[in-house]
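To start, the structure under review is shown below, and the notes come after it.
To keep things simple, chains are lettered A, B, C, D, E and F as they appear, and every chain counts its residues starting from 1.
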Amino acid sequence: MSEHFLQVPEWSWNHPVEDEPAYVHHWVKPLHEMEQPPDLILYGAPISRSSISVSGASLYPSEFRRMWKGFATYNLDEDIDLSTFQVGDAGDVAMHTTDILLSHQRIQKTTAYLATHYPTTRTCMIGGDHSTTACAVRGIKEVFVGEKIGVLQLDTHLDVRDPKELGPANGTPIRQLIDGNIVKGENVINIGLHGYYNAKPLINYANEHSIQMVTLKQARKLGLIETIKGALKQLSEKVDRIYVTVDMDVLDISVAPGVPASTPGGMSAIELFDSLLEIGKHPSVQHIDFVCLDPSRDSAVSETVKIGVYAWLQFITGCINQIRI
Amino acid sequence: MSEHFLQVPEWSWNHPVEDEPAYVHHWVKPLHEMEQPPDLILYGAPISRSSISVSGASLYPSEFRRMWKGFATYNLDEDIDLSTFQVGDAGDVAMHTTDILLSHQRIQKTTAYLATHYPTTRTCMIGGDHSTTACAVRGIKEVFVGEKIGVLQLDTHLDVRDPKELGPANGTPIRQLIDGNIVKGENVINIGLHGYYNAKPLINYANEHSIQMVTLKQARKLGLIETIKGALKQLSEKVDRIYVTVDMDVLDISVAPGVPASTPGGMSAIELFDSLLEIGKHPSVQHIDFVCLDPSRDSAVSETVKIGVYAWLQFITGCINQIRI
Amino acid sequence: MSEHFLQVPEWSWNHPVEDEPAYVHHWVKPLHEMEQPPDLILYGAPISRSSISVSGASLYPSEFRRMWKGFATYNLDEDIDLSTFQVGDAGDVAMHTTDILLSHQRIQKTTAYLATHYPTTRTCMIGGDHSTTACAVRGIKEVFVGEKIGVLQLDTHLDVRDPKELGPANGTPIRQLIDGNIVKGENVINIGLHGYYNAKPLINYANEHSIQMVTLKQARKLGLIETIKGALKQLSEKVDRIYVTVDMDVLDISVAPGVPASTPGGMSAIELFDSLLEIGKHPSVQHIDFVCLDPSRDSAVSETVKIGVYAWLQFITGCINQIRI
Amino acid sequence: MSEHFLQVPEWSWNHPVEDEPAYVHHWVKPLHEMEQPPDLILYGAPISRSSISVSGASLYPSEFRRMWKGFATYNLDEDIDLSTFQVGDAGDVAMHTTDILLSHQRIQKTTAYLATHYPTTRTCMIGGDHSTTACAVRGIKEVFVGEKIGVLQLDTHLDVRDPKELGPANGTPIRQLIDGNIVKGENVINIGLHGYYNAKPLINYANEHSIQMVTLKQARKLGLIETIKGALKQLSEKVDRIYVTVDMDVLDISVAPGVPASTPGGMSAIELFDSLLEIGKHPSVQHIDFVCLDPSRDSAVSETVKIGVYAWLQFITGCINQIRI
Amino acid sequence: MSEHFLQVPEWSWNHPVEDEPAYVHHWVKPLHEMEQPPDLILYGAPISRSSISVSGASLYPSEFRRMWKGFATYNLDEDIDLSTFQVGDAGDVAMHTTDILLSHQRIQKTTAYLATHYPTTRTCMIGGDHSTTACAVRGIKEVFVGEKIGVLQLDTHLDVRDPKELGPANGTPIRQLIDGNIVKGENVINIGLHGYYNAKPLINYANEHSIQMVTLKQARKLGLIETIKGALKQLSEKVDRIYVTVDMDVLDISVAPGVPASTPGGMSAIELFDSLLEIGKHPSVQHIDFVCLDPSRDSAVSETVKIGVYAWLQFITGCINQIRI
Amino acid sequence: MSEHFLQVPEWSWNHPVEDEPAYVHHWVKPLHEMEQPPDLILYGAPISRSSISVSGASLYPSEFRRMWKGFATYNLDEDIDLSTFQVGDAGDVAMHTTDILLSHQRIQKTTAYLATHYPTTRTCMIGGDHSTTACAVRGIKEVFVGEKIGVLQLDTHLDVRDPKELGPANGTPIRQLIDGNIVKGENVINIGLHGYYNAKPLINYANEHSIQMVTLKQARKLGLIETIKGALKQLSEKVDRIYVTVDMDVLDISVAPGVPASTPGGMSAIELFDSLLEIGKHPSVQHIDFVCLDPSRDSAVSETVKIGVYAWLQFITGCINQIRI
């Protein structure tokens, strides 16, 4: 019998690697320890001082990883074991404390670095506020210069406020990309818009640049999955790669206390889960991000972060289904 | 270049009027500054000491106006710009601190005053608890003496408890109106009832006075919009004007932390929004109120007040659609 | 006129019995005061120190009774007055402070005692954590030795972790019953499973023992009520009596803050209510429990406990409908 | 061995009376069951709709009784067993739902009733808001017509706002008593005033009527206990009986989340405890009340209600020490 | 009798000016409406994206003004009516959304503007995070070029982290001023330091630059007021004007939930109030700021903001006492 | 210039060891990596299912370590750099899920193991509930068989409830030790008792066994530090080694939301800090524990855990001061 019963305190990556990892934190591996390019690279962009209103979304990458311990790698609904899929965690982009432009450049450069060294691996960026999306897409464009990039945006807002007025804030990324000739407005589809959350001048900009606005009401009438499928099909016929950006404020306020900008009338968690399953299946979707979730505002049971991890696993489930085809 | 960068602190009505107001607080105007009767008059009835259980619904009118800054005047779902519709804010009815009957009389008199001076303008009262509804309807009856008034009530409760026992409390308004011969029971339709929240004797009263009780289950089976439409059609054929009273406790407890009397099994926010859009469209609906929302119990992100403002904007959207026809 | 206006403070069972009780706390009676066996016996099993993670579910029986004052005995949706149905409250099983095995034995013995003395009365146990279910089913088996017992489980988890590793913890009850030859795996149907909350080895155990796993996604596709009906029909053809266990973590995290193990993607309150109405109707359902609700984690308005009481009343409504047939 | 282990659920007064009660809820007895007049009568005045701002102080009498279960009858600091002192709980004054004047009259009449039938017993009223104090003092004056009553007030506020403006609201009781010739201003001593919480006109009223204002700063300089002693000595030399009113908003905001009107700079809990010990010792103190504590705003651990019960027990400890002398 | 009872909704500056203002919001006037230079100018610097950790201190100026309605202009402890002292509110410095340097420059320029146009008026800046202090002091230095400025800092931290590493973040203002030759280290006195909140290298920097570090323990031993007096005396003998910066994290964590960086062992509210009374009395104190209070983290009763307003009023009380001399 | 900016996510022990560690998490080292016996061994006993009322104190060891990142190793008050003192973290004792006796044995055995292998090193156990203290002291007694052990207890409660009734619950440890002849009652000194929190029979037990009860009131009168010193002196003259147990419920409820059993009238944080500084100085104090802190109940800013870490660092500061002598 053992002389003592000491065990190491529980930290994330210290656990012995298991052959058949049953939980997410045993499954995801540090990127630099992997010998082969993984199927998906995860990296964090922990900045939210670029947010128009106060935001702690910079805390999301850490909290996202902390909460994934509560998830098994087995998806019961789809009868799929995720553990055959390789996920490499590249860590977080180091942010400067007060130089927002410099921090944004680092996100762009780091994204370019990953795209250069892992050109066929899907990337998933965990924000951070929505300003990070513009950086990431520019980083990708830097590497795949000649390619057309399409953006599927799940969002309550258009995020086309004027960077000339605000600088590269979280309300501006889509406009940064369009005005910067990185993405054409006609190759942006926003699904999730609703209610009274986009002022008229922003609608005008969107119309002038042919951004496709699909309200939740329209999507629900047609069927949300059908709408997602249609959007991906349309984009994939026009562009070379699709970047999906999930602004977590697309969720209804009743399920997303951790997203200060969430509103009544938004997506249910299940609608988000179904959407991401579908998105993961499409082979043109090479990049995805999840932004604007502020864990410091989440409920006591971390409801929103749990939805965030679940949504990400749905995307991976979709990826696996696609790979099987 | 400017010598300094001072700007006035942000208050609601101090902002310069804009030609094309993009946000609600730039759009709503003080009634006394308007030269023409507006399309809708808003007024507050900040009393809740008449509530059976402790309530801070008296705080709702102020909080309602404070939160509307977060809403644009553009409705994306319906592609309607509300800013052409004129809303005049008449302010709040001054309440006495301890004389409930006097406060109730003031609500009645003020409603009558508005109905006299703006006979063709729709009115919207922001409560306060549900006792205010009896006052408002009496005020309207005072002006439109010969007219029949119908009441469409969205509510989890019948609110027909006995004023002889409780006085004019928030559980009694419908009974006050029926027993006071202001409204006939057969001209009251309640949609939203469900579950175990009305004791048998109240059901008996409702049946004896032919109040039409439509449970949420029945409404959902038929279609909530169809049910609303049918109720308005039926009422409009029997009465001269319809008063709609929205007790916010009709909402499900999971979306309405700010309504202490909300219960499991209630309306979703979207069901409420769809209902109010439909209600706004009907030309017989001349008066509406929203009652029983206690902002001091709301969640940290003011979820319930946001639903309240959204619902009110849906009603206005409906009004505009009706006016267009 | 009265000389003073003193009234006794409000306690639960001190109220004079009323002939036509309008509220639940006037209707439920202490079992030991009843002359006839009631239609349903309620008893509490207030233990949660057997829970893997920290739980205050031991507080649920008390809080359940405290909150039922807010419920009328009249079900408006089904137009049924529950007050003709007799409910006897047997009180709580006395728990030991630190001897978990002893406490578990007491639950078993008490359940056996009730089953012996009230062999034709339905029983309803209010947990406590899920470890109590194994005790209760063993107690029933003790009395109805020759009968086959089937289990309908509404749960996000399989609860088949290994008692050899954990002892009789809340993650193990179904496995305790199968390994202990109390219930056959093929006579267990779990409805409510979803997402990433059951590790692969547990799925393997379930498959090896022929537990029927019905995901929420499958149930929703077929229709939840149809699924419940089918499960009850199937079980009733194979077993002599059905034990229903409702792990409240089957509820979606957005409606169940008081269940620390609830997750995104779970049942809505209305889905739970509809399920219990259906379950109550089936004559083979002789025993039910509700477990794992921790009132100390509930929201300020006791949302989850209110759902718990409502669900229990739905079950009783079902029972009455069945009895009428 | 016992066949079952059922025990009755825990309610307050159902417990068998114990010879040597160790906890408060075993010690306090219903007044109507006592054969001898007790040493202290407790009664509740559950009204707070007379409060200027929203208040749930009407819930305090119930919560006060619910929380006293956590207190032993043994005072370790003073080495005194309270259980020899007899406390009779008279229950609560029945309040009308909307007729504030009627409710106030009932408090007055009930207090008079108790003073008539138990003329030598100390009374302790649990409010309710501060308007109840005026009612109680009037009730006492009704019975002891020829006696002079002095008031020792522990309060952050003077509570001399004008009842002609507000009616008998919680900001007015001291002025009601002075203007009504029940108590002379010179026989009112307020200890606990501080900061910026009394507008100039109220100070003027107090000065005109010779109310003695002792700021906390002054009291602390002299010594709080010395100040209390001095005030009681002075009053007892001028009046026949002393009524002590403890507005719980005298507590510092950091220890009294359950008193919405508490402020920074107020009393610490220990200062309040020491004061009440001293107050209890004085034989002229025949009546006391504790008002304005709103349990619905209290912290999750009921910090303020616990302070309220503790303070009350300190008063009783003081009474025992006095009796011994 | 009045025909209606409408009153304007309550906003801050819309109230008619009163001759003898009894409450703070009736007393403070917009600077641009004043004909004479006031005794004190208040202005807000609403920026906190320069904070190392997430902060909503940018919301403080608005919340500060919103909460001052709860304060009378009469100080009972000191028997002083503040309303004879003139306070002009200059509004807030307009901040850029993402350009932190530009925002900082605007604070500096605006402070210089105020110092130029109101050279003999005391200024009070409401932050914002602590980075604003460096801007304000530079702005003052710009105007009073030849003068020596001393800094009295009430703070748990030294705030001398290296701006070369962090940029002008909230951890760096004192070092910015010293390294920038605006203030000499020997003319900085920090009172409030304690515990384990300043790493060794920062202590080393402070020692190298002769910053005077007074721990709370030392100050309490000597007497906090004596310590403050001594510090002011010493500084006034060496410099021409004293700038006082109050980092609200000097408060103990138990009274300052709204200051994320507050710690155990900090100042009590009363210690802070006494300190500011003393500080206000000293004629060399020409400038003060209050920083790092994040209202979005405050308790439900806004405890910390109330302490903030109270502390500011104490400073003004001190100023009046000084002027009288 | 770097090609990318990736950094590893922040975990506790992965950081490179620093020569002069400035923060606690860089300073504490895993015990098994140390070549020399450290000055102090830290280990966790994460069990709280032995608590009478629901407790999450089992979560404290993890949370304690997570929060120590916010503390520097430099103590400003005492001008001491802790980093020269060696602390080895031995990890946590592995607990069984449901077998409380087995878990208790493991704590005992592990403590004995550490005492055997590091006989001259001070140990510090982080609980867990108070039942762990009995286990630890028994473990020490096992190793130092012939030595007399004295216990200094900082606690609101005596914790001498009867283990024959409750088993080895958190209310019983001192009685377990006395009845088990591990420690003599006369060698137990409890400082911190106050108010109404120990029922008479427990006082009787304490008196019968000569436990020295020092109330907070007595201690404050004499001086808390003098009291502590006197107790340590007295014990050290009678016993061979002193075990100090700090039940965090000794703290006042206003500073310890994370200790459900904390009460009004308890110690302030500063009183606790001063006590531990003194305790650390005494050479006979070889063992200490901190128990009963439930982080899941703590405030949003983790106030109580921060106090816990601070108190522990004070103890270490004391140790260093002692060693220097």
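Please note the rule applied: a residue touches a chain if its C-beta (ideal position, glycine included) is under 8 Å from a C-beta of that chain, and two chains touch if they have at least 3 such contacts.
Chain identities (UniProt): A, B, C, D, E, F = Formimidoylglutamase.
Everything numeric in this text was worked out from a predicted model, so none of it was measured.
J.: Please report the minimal path length, in steps, between chain A (Formimidoylglutamase) and chain C (Formimidoylglutamase) on the chain touch graph.
T.: Minimum step count, chain A (Formimidoylglutamase) to chain C (Formimidoylglutamase): 1.
J.: Can you name the chain that lies farthest from chain F (Formimidoylglutamase), using the mean of each chain's Cα atoms as its centre?
T.: B
J.: Between B-E and C-F, flag the pair that has more C-beta pairs in contact.
T.: Per the contact counts, B-E leads.
J.: Same or different: at the chain E (Formimidoylglutamase)/chain F (Formimidoylglutamase) interface, is the fraction of residue numbers used by both copies above or below half?
T.: Different: when the shared numbers are divided by all numbers used, the fraction is under half.
J.: With centres defined as the mean C-alpha position, give me the chain B (Formimidoylglutamase)-chain D (Formimidoylglutamase) separation in Å.
T.: Centre-to-centre distance between chain B (Formimidoylglutamase) and chain D (Formimidoylglutamase): 41 Å.
J.: What's the distance between the Cα centroids of chain C (Formimidoylglutamase) and chain D (Formimidoylglutamase), rounded to whole Å?
T.: Distance between chain centres, rounded to whole Å: 44 Å.
J.: Determine the centre-to-centre distance between chain A (Formimidoylglutamase) and chain D (Formimidoylglutamase), using the mean Cα coordinates as centres, and give it in whole Å.
T.: 58
J.: At least two other chains touched by the same residue of chain F (Formimidoylglutamase): list those residues.
T.: Residue numbers touching two or more other chains: 254.
J.: Chains as vertices, touching pairs as edges: which of line, ring, star, complete or other describes this one?
T.: Contact pattern: none of line, ring, star or complete.
J.: Would you mind giving me the full set of chain pairs in touch?
T.: Touching chain pairs, listed by label, are A-B, A-C, A-E, A-F, B-C, B-D, B-E, C-D, C-F, D-E, D-F, E-F.
J.: Residues of chain D (Formimidoylglutamase) touching chain F (Formimidoylglutamase) in their complex?
T.: Going through chain D (Formimidoylglutamase), the ones touching chain F (Formimidoylglutamase) are 20, 22-24, 71-77, 81, 83, 254-255, 269-270, 273, 299-301, 303, 306-307, 310, 313.
J.: Which of the residues in chain F (Formimidoylglutamase) end up touching chain A (Formimidoylglutamase) in this complex?
T.: 3-14, 30, 43-44, 61-62, 65, 89-94, 106, 109-110, 113-114
J.: Name, in rising order, each residue of chain F (Formimidoylglutamase) that touches chain C (Formimidoylglutamase) in their complex.
T.: For chain F (Formimidoylglutamase) paired with chain C (Formimidoylglutamase), touching residues are 48-52, 54-56, 58-59, 96-100, 131, 165-169, 296.
J.: Which stretch or stretches of chain C (Formimidoylglutamase) touch chain A (Formimidoylglutamase) in the complex?
T.: These residues of chain C (Formimidoylglutamase) touch chain A (Formimidoylglutamase): 193-201, 203, 213, 215-217, 252-254, 257, 260, 262-265, 297.
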